[in-house]
Amino acid sequence: MMNSDPYGALLWIVVGWPLLLAIPAVRRCLPMADYFAILPALLLLLLPMDFSSTLSWLLLGTGVSIDGERRWILATVVLIWALVAMKRRATPHTTPHGQNTFYLLTLAGTLGMVMASDRVGFFSFATLMGYSFYGLLLWGQSKPLEAVRRGARSYLICLIIADLLLFEALLLSAFNPQMEVSRLYLLMVCGAVVLKAGIWPAHFWLNASYRAASPLSALLLVLPVVMALFALLRWLPLGHVDDGVAGLLILITAGASILYAGWRFVQRPVQGERLAWLSLFASGWVIASVGVGLIEPLWWLQYGTLIYPLIAAVAVILLMVALLRPPPASPSQSGDSALWMGRMWIGCSSLSCKLFAGYSLCYKAGLQRAKQLQNGLERRDLIGLLSNWRNATTLFVLLGIALAWLVN
Amino acid sequence: MEKVTLLIMLFDLLLGLGLLWLAWQLLESRNLFKAVVLFVAFGLLMALAWVRLDAPDVALAEAAIGAGLTGALLMAALAKLPSRDKSEPLADEKGHWLLRLALLLVAAGLGYVVHSLPESAPGLSAEIANNLASSGVNNPVTAVLLNFRGYDTLLELMVLMLALLGVWSLGIERSTREEPVGPVLTTLVQFLTPLLILVAAYLLWAGADAPGGAFQAGAVLAAAMVLLLLAGWPLQGLLTGVALRLMLVAGPATFVALAGLTLLDAQLLAYPPQHAGKLILLLEVAATLSIAVTLAALFLGYRPRTNKEPG
Amino acid sequence: MNTALLYSLVGIGLFSLGLYALIVHAHLLRKILAINVMGSGVFLLLIALAKRTATPLPDAVPHAMVITGIVVTVAATALALTLMVRVAMENHRAELSDQSQE
Amino acid sequence: MVPSSEIPWGALLILLPLAAAILCFVWPKLAVVTGVVTMLLLTLAVGGFAWQLQREGLYQHAVGGWETPLGIGLYGDGLSLLMLAMTVLVGLAITLYARSYFNQKQARVFWPLWLLLLAALNALFLSADIFNLYITLEMVGLAAVALVALKGGRDALNGAMRYLLATLLGSLTYLLGVALLYHSYGTVDLVLLAERIDNSPVVWAALGLMGAGLLLKTALFPLHFWLPAAHASAPAPISALLSALLVKASFYIFLRLWLVLFAPLGGDVALLLGLLGAVAILWGSWQALRQTRLKLLVAYSTVAQIGYLFVAFPLAAAAGAMLWNGVSYLMLSHALAKAAMFLAAGNLLLFGGHDRIAELDRAVQRLPISTAAFALAGVSIMGVPPSGGFIGKWLLLEAAIEQGYWLLAAVMVVGGLLASAYIFKVVGYAFTRSTATPEPQSIPMGMEWAALLLAIASILLGFTAPWVFALLGIGDPFGGGAP
């Protein structure tokens, strides 16, 4: 599509305007920057037609577009941001100045995700949104609390893994179009979404974040869930692929999420957590319908478009509950699921350390010997060997010989 | 005729073996002082080899710089090392079979490569002969150094300046002299210094037509200065501040200025043929001064300064 | 065996000897000496092979290169020696230490 | 008035810093002013050079009016231009940083050395003469050693000594290769050599010697032993320029030689290089993850990132010019990002008085600009879109997957994963509660902004790919490789 198209320009303005406002100097010139930031998006929502725009120089050619399905999500996003802006106006003292930048970056990332017309662009905006949301989680508090930090850090870990999964999926689909619908691709995308949306068993970050969230950030927490679910719809060629196994796996995850969330919900949870279980419960249903869509493509083709209003409805319900929620209790009673994740993380890394150091070799030689070897490897390991002048220069000579030998 | 060739070949063979043997001795000697002395001897033998290879310019440079100044630098550095370092036992020689094998392979491979080169190759001698007339000098080596590949020489002068800057930032001033110099050295210095200056001037002048030139002259001049320093002349006190720095940069600055001027004619370092000889002489005088002072300053090992200058 | 080949083989020998010494000896002065010997080997090869002209005059370009090389080497040697003295002061011996502080 | 198209920008790029260095040397009081003004003029000159290249194509200049093989040829194409631009961009930031970093005594030595180094780098990128390249390599190496040792201290001196020995070994080996090539083909000019070269033992030996020498200077695994010590112990701006520019300079020569002379001969060599590159990625990233000191972490990250440059070699035969575009892009973005990281790390170190990662939390919290610079540069190092690093890695991955080198692709992806882990090891500490409260030292604004601007530039590179690729195409440096 041509760039001179005024509508195309509008699409880019919708994304670019909050990015521009993210610069503090620009923002200071405007009163009520929160409202102004979503103004173009609102305008776009009111335009009754579909159009798109592509820039060939951006990220090897990426574009943005708007259509009926995106409109639902866009409307949800605009609603969330409008509510957040109102809430911020109502309680100005709880929002430190530094938050605004992260806040607007997250907004830009979200809008970009909604409108991105290809996966590279979507991925870029998703990264922007993810990391700035991480910043928002931390800086949204006037006083960063230990619980908030823990939730944010868990979120960060999920985010990194999810981005990597998505990135690999991106590669798979970009270079092997016939492999686009392979099971590996499906599972990678689903895994990423599970992590990003806080679906069971990766619900801990959402849970921990909700527990310590202020009324304002409780509203904001709806955002990553909605966007992750949207990502699932954008990245899976639903209706054109028939993969029973993947679908079944997704259904199982969704079912487990719903049951787990329901069980925890009725278990008189800590006040702040109720919202987390509700969110998990709702997104479980959305995921479940995607699973069904994978098993029964025809069903999806028939009813699949209903999923967008469904997501919007889920978001609205969550927002309503969050708005009605009383302020959180004292955050001292932090739960343990984030700790559990941290422990697992440390365990995994130390396990891989040991594997790398030739653990299997040690096992055969007996435990005593293993201890010795491990100590030895730690003290005088390969680094020492490689950085020893003598060994290193011998390798230099050998490399020279190898180069001369291998040529031709 | 036959006999003479045979004799020369024998001489070459002995010289080659002598070089290798000396190199082995100096690298494997237990005593570091001995190693340094052997290195000087090695440099002199190298100069002999250069003469045998019809490279008198290189021989002069090697004798003055390679053997003379490097030797002096090594001695000076050795004197500054802690005493127990000076005759350290060699590293244990066990377990280097892989390295030795690899190096043998390298040497054999390179030997094969050199052997595979054609018996005779003109290199660039024809081009040099054709253009020598318009280069401004008659000595082909000087022509290459200062005209055909003058750009290399410009950068090389910068390398000297770089090394000096590095030494100045690292060096430590020695506050006191260890002992007074004996009468022999004083007499020797009195006798040698004027001679060396004369030799340097001759080398500089001769460089245009015969072996010699800026580097050799500079090195000989530097040797004279090193001798004076050794004899306790307070050169470091006389040569300080802007005067010293101006002398140090005389060569590079002249070169850069000339490069800038020639660039106005759109060709870097292209001398007008009618002035080439004079320009090269100018360059050589400036470069000789700079090289001599730089080498002497490198030997000194720290930045000489007047009392009022800050550290 | 002609002169050019003989001397270039000596040059290769010097290069290899220097390389060996550079690798196995720990003392920094020996390493610096070894670098100088290696350099001499390279220069010998350059000059020896320049003698292969048909005329009695050898090729002058390698000669100029070697003079340049000798000056570069002496500059590098001076810097290396000063650095060695400083390292020896810090390490209390003229060898590289493999451990860093802390 | 000379029309600007006739100004000899290429030669000025070399002469200007040389003259400025001499000026600084003679009058140390003018050092800072001269340094800053020269840097600005150099920026202008690179701009002019780029404009000239775009108008007239290839830049060729016979120094002294002597045509090759007798004289020395200056030669500039898109690749040279990219390297020059990289030098100038990183140089601007380092100049801005160093203005406040060094005390008066250090500045006296720093400025002339820095200007000489700039001249040497520019001369290196514009040279097409393998002996001239040797001299510029020596200049670069000696200047770098002197700069590493500038601040003294045990680690820095040891690092500098090791670096000096390695760099001298590398250049002597390279020189031996030059000697063999000259005596076999009667020229040291790259263009002429490319015409004359054939498949003979001399060429094999030359590849072995020059290749090993240059790879040692580039610190390709397993020859990286000198790098972490030197890069981590040097003063911050020096670390930045070592990692950003110096390693690239020897890689540039290797790439040139490879493209012009050796590529048609070395199928298996390419595979070996790719393999070493892959190991370098894994090893460097893993070591970076294990480090407890910030600057060592960044230095090991350089070892890993060098690996990416070499992974390209086995892919090049089939992938052609676009792959080399990717490699060049990776070089550029790594230079900007790594310089930003080292500068930011220098700020954190200066603020906290140490660079132990575990105790950096307070410094990280108190220096938001430096932390942001570190994080943004990290994004580029990880290769996350839309950074410049992403474009480079993307093109490499694309080629690897298209040609079925799944292992290499996997290594690259794992390298990205490890990179994100070690970046967040630092950035993550930004948000933990600090225990120790060291007395804060104020960091001059220029030093913080130098890091941030570089980091932002490394991100913005992600948007400029088509223009950069167009400039890279001038003179067709990767010519003929297209399938």
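First chain written, first letter: the chains are A, B, C and D, and each begins at residue 1.
Here is the rule we use: contacts are C-beta pairs under 8 Å (C-beta built on N, C-alpha and C of every residue); 3 or more make two chains touch, one makes a residue touch a chain.
These figures come from a predicted structure and were not determined experimentally.
Chemist: What's the overlap between the neighbours of chain B and those of chain C?
Modeler: A chain counts here if it touches both chain B and chain C, which gives A, D.
Chemist: Identify the chain whose mean C-alpha position lies nearest to the mean of all protein C-alpha atoms shown.
Modeler: Closest chain centre to the overall C-alpha centroid: D.
Chemist: Report the chain whose CA-based centre is farthest from the CA-based centre of chain A.
Modeler: B
Chemist: Counting in whole Å, what is the centre-to-centre distance of chain B and chain D, each centre being its mean C-alpha position?
Modeler: Each chain reduced to its C-alpha mean, chain B and chain D end up 32 Å apart.
Chemist: Just curious, how far off is chain B from chain A if you go by their C-alpha centres, in Å?
Modeler: So the centroids are 65 Å from each other.
Chemist: Taking each chain's centre as the mean of its CA atoms, how far is chain A from chain C in angstrom?
Modeler: 58
Chemist: Could you please state the distance in Å, as a whole number, between where the Cα atoms of chain C are centred and where those of chain D are centred?
Modeler: Each chain's C-alpha centroid was found; their separation is 27 Å.
Chemist: For chain A, which residues are shared contacts with two or more other chains?
Modeler: 387-390, 393-394, 397, 400-401, 404
Chemist: Where does chain C touch two or more other chains at once, residue-wise?
Modeler: 15, 19, 22-24, 26, 45, 49-50, 52, 61-62, 65, 68, 72, 75-76, 79, 83-84, 86, 96
Chemist: Return the residues of chain B touching two or more other chains; collapse runs of consecutive numbers into ranges.
Modeler: Those would be 99, 103, 106, 109-110, 114, 117, 121-124, 128, 148-149, 152, 156, 159, 162-163, 166, 170.
Chemist: What topology does the chain touch graph have (line, ring, star, complete, other)?
Modeler: Complete.
Chemist: Which residues of chain D touch chain B in their complex?
Modeler: Residue list for chain D touching chain B: 6, 8, 11-12, 15, 18-19, 21-22, 25-27, 61-66, 69-72, 74, 104-106, 109, 112-113, 116, 119-120, 123, 131-132, 135-136, 138-139, 142-143, 145-146, 149-150, 152, 176, 180, 182-184, 186-187, 200-202, 204-205, 208.
Chemist: Which residues, counting only chain C, touch chain A once they are in their complex?
Modeler: 19, 22-24, 26, 96, 98
Chemist: Residue numbers of chain A touching chain B in their complex, please.
Modeler: Going through chain A, the ones touching chain B are 390, 394, 397-398, 400-401, 404.
Chemist: In their shared complex, at which residues does chain A touch chain D?
Modeler: 56-60, 120, 123-124, 127, 138, 144, 146, 149, 152-153, 156, 160, 163-164, 167-168, 171, 174-176, 356, 383, 386-389, 392-393, 395-397, 399-408
Chemist: Using the touch definition up top, name the residues of chain C that touch chain B in the complex.
Modeler: Chain C reaches chain B through residues 1-3, 5-10, 12-21, 23-27, 29-30, 32-34, 36-37, 40, 43-45, 47-68, 70-79, 81-86, 88, 92-94.
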